[in-house]
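Read through the structures below before going on.
Two complexes are shown next, each including subunit A; its partner changes from subunit B in the first to subunit C in the second.
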Partner chain A sequence: MHTPSTAKPGTRTITMKIKRCDGPGKPERWESFSLSVTTGQGMNIIAALQVIAAKPVTVEGSRTTPVVWDSGCLEEVCGACTMVVNGKVRQTCSALLDQIAPNDGDVVTLEPMSKFPVVRDLSVNRQRVFHNLKRVSAWVPIDGTYALGPGPRETPAEQEVRYTLSTCMSCGCCLEACPQFNQEPDSKNWDTAFLGAHAISQARLFNSHATGKELAPQRLDALSGPGGVGDCGNAQNCVKVCPKKIPLTESIGAMGRAVTIHAVKKLFTMK
Partner chain B sequence: MSNTPVSQSSVSFLDRHHLLLRRLHSLSGIVPIGVFLIAHLVTNSSIMWGKVGLRGDGADMSLAEGGAFYFHKEVVWINNSIPHLLLIELTLWAAIAFHSVLGFVYAFSGRSNTRNYGYGANWRYTLQRISGYIGILFIFYHVATLRWGWSFLVPGGTTWSHHYAASTLALSLRGGTEITLAGVLVSAFYFVGITLLVFHFANGLWTSAITWGLTVSQRAQQQWGYACAAIGTGLMLAAWASLLGFFLLDPVQATRVEQAYYQKYGQPIPKRHHLTDQNITPLKTEPSTLGKN
Partner chain C sequence: MAATGNEKRVIVVGGGLAGLAASARLVEAGVGVDLFSVVPVKRSHSVCAQGGINACNEVARQQGYSEYEHFDETVYGGDFLADQHPVLEMANWAPRIIDVLDRMGVPFNRTSEGYRDLRLFGGSLFKRTHFSGATTGQQLIYALDEQVRRHESEGNVTKYEHWEFLWPVIESGRCVGIVARDIRTMQIRAFRADAVIMATGGCGLIFGKSTNSVMCNGAAAARCFRAGVHYANAEMIQVHPTAIPGADKLRLMSESARGEGGRVWVPALKRPDGTWGVHPRSGQDPKTIPENERYYFLEERYPAYGNIVPRDIATREIFDLCVNHGMGVGGGQQVYLDLTHKPKEYLQKKLEGILEIYEKFVGEDPYTTPMRIFPGVHYSMGGLWTSFTPGSYTPATPRTKHKSGTRAPINAEIGQGMALGEFNNAMTNVQGLYAFGEVSFAYHGANRLGANALLSCIFDGVFCGVSVANYVRSGPSSNKPTKDISQSLYDGAVAQESAKVKKLVDAVDTTGADDPATNPYIIGRELGVEMTEACTVVRTGPRLERCLSKLGELKARYSKLKLADAGGWTNQSMAYARSVGDMLILAEALALGAFRRQESRGAHYRPDFPDRNDQEFMKSTVARCSPSGEVSVEFVPIDATLIQPTARTYGKKDDKPANPAPTRPSDASGANVPTGSLAGAGV
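== the complex of A and B ==
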């Protein structure tokens, strides 16, 4: 992803091959668009999509509708523009054409994430990502009727671990690349389907927070149940595709350990 | 965290005991199945190194004869000295059935994606499932033919007997006294089966450490990965040595060695149901202290 550009100076023509879909349940189709790219201008995929939107004419010369996509921060911290680029999931704002399509005639394929329902074209509904955060109570409980005062002290060592975990933007890359996390059209099954690395890692983040650990038993119950950490198949794609380089497989190991201890404790206390 | 309370009855058995079943699945792969696999491969590979195990006795025997003698001695020991052998077998079969049935359920919940994400661990994830599918087929064939006596599935129709463990196994793998095409095919299936199962065990050992939370840091996972690779390599060599040793073993000569064993211990030579058309005499060995202990 962070490979240096090998593009030669000057202008080249590349093809953007995009998977299109007019709406939920509508048939999919592929459309290709020709694009002129000048080396050194730093054009990313979002900028390319803007150029295509301005003149939505396919390589065959037929006029079509502008391609729909999602984007937000354009600096790889919001996760909205996550798509499947040349078969691999990533943020498209940080996908620079000088790097991924450096030669004349290169083809860039764009697909929406396959694990979430398509809204239209490249835009998907990632509601389940946030539903899974609710399943593991990924928050610090501080709501109350009186001031709780300052929170407990956090050691620098804890901060260091937690900072990395906290950079998660819920983009869904780890879920898209996971062979155990699959499209679940019926939201009734969302509570028993696999949570995925993202929610497991967030449970670890809040379990290690001095105040957040109040909800630890409840989070570990969720992680012990159907769709919990036990459903991980250790393919470890999550950690490879994570744009924030969060040690997701360490989080899975840590939560596996916590769930083991939690289960043994429950066995002996019968609670 | 379910927002709507779910009644107990509407939740499936698998979901109600989710963690327990997941962990029993993981554990059963190591104890008893993995432990048995290690013992099984150590015993069987003695066909190759058994002469060394005789510790100087049987010096007049060839490497193959010494191997067959030692292996036979081990098999006789297992059948005569281990108490409740059938109970142990039943436990093992039950554990394998449990591990494989749950394994199928778990494997069907995933969708392999090595085409787009061809990372090493992802390939191992996929191979773990494939090796499970083919491995259980192999185990079924292996146990059905050599333990339950389904000799109609054995090329040459040999019925394996623990009285003549080495010779009847060689006959089953070769398809007869001489190596036949059917024998080569069965042995090739054995090669695929044992290779995949040893991988399945070594890789399962690696993933189970993450599942149980023994290896948390990436470094710990990597180091344990090396250890599992070493264990897997050792078992793989034992598995291949076993197969090669019995595939190359001359069944007639092996029978002579087995008869020599009974003679040595003053035991009656058990009735033979294999190679009945041949007159086989016990191998003559030095009147040494062969296999005294």
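== the complex of A and C ==
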């Protein structure tokens, strides 16, 4: 996008191969679209989908409906546009075609995330991600939005740890990559199915805040129960796909230890 | 409808900072909230805010800064167009708001002693911007999202995520609910409410490409406008000086890059007379350009503020340099924003988030290579018109501009700017219909100062939220609760919206003829190009007239629209097609306001009327939309009872504001650049 104006950009043709589905319970199908891309223009997958939406005609020349997808900020800070690109989960706004399909004839495969129910085409329902934040009480229990003086002081080192944990956008990459996290269509089972790395890491975030700590016992109870930190199979895929480089395995380790100490304490206090 | 026994209920439309802050405040007041959002609220556009949030603080206070000076800066920064009492109240609340956010656990950057760190920002000589890395908006909205999730889990907030606002339900001038659509199932439903808060953000998509998120199309505001809500200062659109051009959008490069020491320059050669000329090697590796061949034009022209002049000024200077003088990097539309003189460790602590975005999307390392940036549409100062009750501070005559660093004339008690809890604070001309955050026209006048947006959103929520709570509890219509209103009113509103959908679905193009004239994506793209060319940095009468006639043409084509998808499930192209019609209406109010405002003020620059004209135009542009869709504009006096207007120069050396001539000297129509980041529309 930012090549100096002297650069002579070349044009190539690539194929966008997209897994489509008209709605829950409907059959899946693949459709391919041909796309002309000019090098150096910063074209990403979202821009490609926009071009297809304006003229939805497949490589076979048959007319189809525009592809449905989710997107938001297009700056990799909202998490909305997460999909499986060439077999790997990631945000599609930051998937630049010059990088993932640099040559004429390259094919880009797009699929919806598999761990969440498909709404339509590339759009999935990630309600469970937010539900799991409730399971671990992912908030600081303040007295309300009134001015009651400053919050607790903290060192720059503490702030840096919390800031990194707090950049989690609930995108679901860590869940898509996790062998222990599986699709659970029945929301009645959500409270006992595996929470996933993001929620465990959020528990760590709030347990490391001076006021947030107040709810640590109930967070650790949630992490001790079914679907808690014990369900982690230590595959360590989560940390590899996290777009914000959150140290998820560190969080899982820290919460695992905290859960053990919590259990021992409970044993001795007979609570 | 909801799980709780809250007797009074308020609908909040929009789950960004303003909507979430309002929701929390209302729940605390014992009012139940139904929260509607087209996206999961955690993914709202507030996440994109980077630089920080302004508030007077102890360090600045001991250097002579005050809430009053924050207020004075904001009014001056907005070129004396904002109603002044609300700005005063907002500045007075700012330190309180920071404390609340701090208690919620926002990881504000810290000093070595553990206090909240501060940075410089545009339009101020004091460090008064609190920040969390360079993703402050994200961190603030997460904190509020967490609080609202807590209220949701306690049954006091019901979220309707993936629901789109379609229309306000109004009975005898009073708003009593909304019609909304589930964007997945396509179901259209009416919802009752004792009051409705619109917190739906900006309208950057009207310009095709902007720094805004894909849902910031202004559709919700446009629907209120069509339903009779007034829209003010539509022409006041902020073009941010430093954006990264992209194929799908313009990514913001935060003002904090300059606040933390970033320098804006272009390669240039100094002539014997002291002026600067084009550099023959401009566009080649910037690291090879020696220091004396770098033109730091903002620092030279504005010795006091330098690179942190307000956005409208920086934008015009960059635009002037690139477009009128051909001095952009490589002769193109770009200048350098340079941080390479700062230590990497320092930059990582303070700016990592935004530098990562640059690296990811441009593929160059901003720690070692100056970034290339150009202005891009960013924020709408205008919005739904709202009223207020002035507070207790009423000087006999407006004061002269506050002398920076001197004692404030008043303290910062609650209620000096606006009267706390009065029903009409932030209420539109329709009773019970409120506007909070960017969708409101209040506070920012003709130009918003950096890091004041997050503040105004949260201030609306916590301060004006009290007004909404009072209104539903004891307002003029509390003796006729919404639950007693006839169901037929709501059924009628649903029928009206269903008919609009049917009209669109009936217009499906099954022939595959693909006529661009009636393709909603093409119409949307043409709208973006036209608005970018006619209504951004430089505006002239003749060009705006042409723009208005182009909008007429697009409206005519839109009335014969053809859709590519008739599906009854998660039909995004239908939602988009509807939003195009809404964008066309707002665009008309914008272009008409720009045409009628025959002066230059803040972000609104008219080379055919280069001076500010307080006599005629220190007034709000208030647009109305007739039931048949006719847009008209009138000028309404503002509240300027606290500060006298003064020339807004920011100490420019020749003491004139930055006034670029029309784009091409030969083109009196004054079109903006046809190519580059300010042109071309995505969908």
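Methods note: the second predicted complex is superposed on the first by the 255 of 271 C-alpha atoms of A that agree within 3 Å, B and C clash if a C-alpha of one lies under 4 Å from a C-alpha of the other, contacts with A are read in each partner's own complex, and residues count from 1 in each chain.
Just so we're on the same page, a contact is a pair of C-beta atoms (placed from the backbone, for glycine too) under 8 Å apart; a residue touches a chain by one contact, two chains touch by 3 or more.
All figures in this text were calculated on a predicted structure; none of them were measured in a lab.
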Superposition on subunit A - do subunit B and subunit C clash or fit
fit
With both complexes superposed on chain A, which partner does A:Ser224 reach: first (subunit B), second (subunit C), both or neither?
first
Looking at A:Ala235 after the superposition, I want to know if it touches subunit B, subunit C, both of them or none. Which is it: first, second, both, neither?
first
First (subunit B), second (subunit C), both or neither: which does A:Ile46 touch?
second
Is A:Lys134 touching the first partner subunit B, the second partner subunit C, both, or neither of them?
both
Considering only the touch criterion stated at the top, classify A:Ala177 as touching first (subunit B), second (subunit C), both, or neither.
first
Under the stated touch criterion, name the partner, subunit B or subunit C, that contacts more residues in subunit A.
C
To the nearest 10 degrees, give me the subunit B-subunit A-subunit C angle using C-alpha centres.
160
Is A:Pro156 touching anything from subunit B or subunit C once the two structures are fitted on A? First, second, both or neither.
second
With the two structures laid over each other on chain A, which partner does A:Lys55 touch: subunit B (first), subunit C (second), both, or neither?
second
Looking at the overlay, what does A:Thr269 touch: subunit B (first), subunit C (second), both, or neither?
neither
Once both structures are superposed, the least CA distance from subunit B to subunit C in Å comes to 8
Contacts on subunit A seen with subunit B and repeated with subunit C across the two complexes:
134, 137
List the residues on subunit C that touch subunit A in their complex, please.
21, 24-25, 28, 39-40, 42-45, 47-48, 95-97, 99-100, 102-105, 107-116, 132-133, 135, 138-139, 142-143, 146-147, 149-150, 152-153, 161, 184, 213-215, 244-249, 251-252, 283-284, 329-332, 334, 349, 353, 357, 360-364, 372, 461-462, 512, 514, 519, 521-522, 525, 564-565, 567, 569-570, 572-573, 576, 682-683
Name, in rising order, each residue of subunit B that touches subunit A in their complex.
1-3, 6, 14-15, 18-20, 22-23, 106, 109-113, 115-117, 119, 121-122, 124-126, 128, 206-207, 210-218, 220-221
Subunit A residues touching subunit B in their complex are 84, 87-88, 134-137, 177, 179-180, 182, 191-192, 194, 218, 222, 224-226, 228, 230-237, 239-241, 247, 249-250, 252-261, 263
Okay, in this complex, where on subunit A does subunit C touch?
1-2, 4-6, 22-23, 41-44, 46-47, 50, 53-57, 63, 65-66, 68-69, 71-80, 93-94, 96, 119-120, 123, 125-127, 130, 133-134, 137-142, 144-151, 153-156, 158-160, 162-163, 166-167, 169-170, 206, 209, 211-212
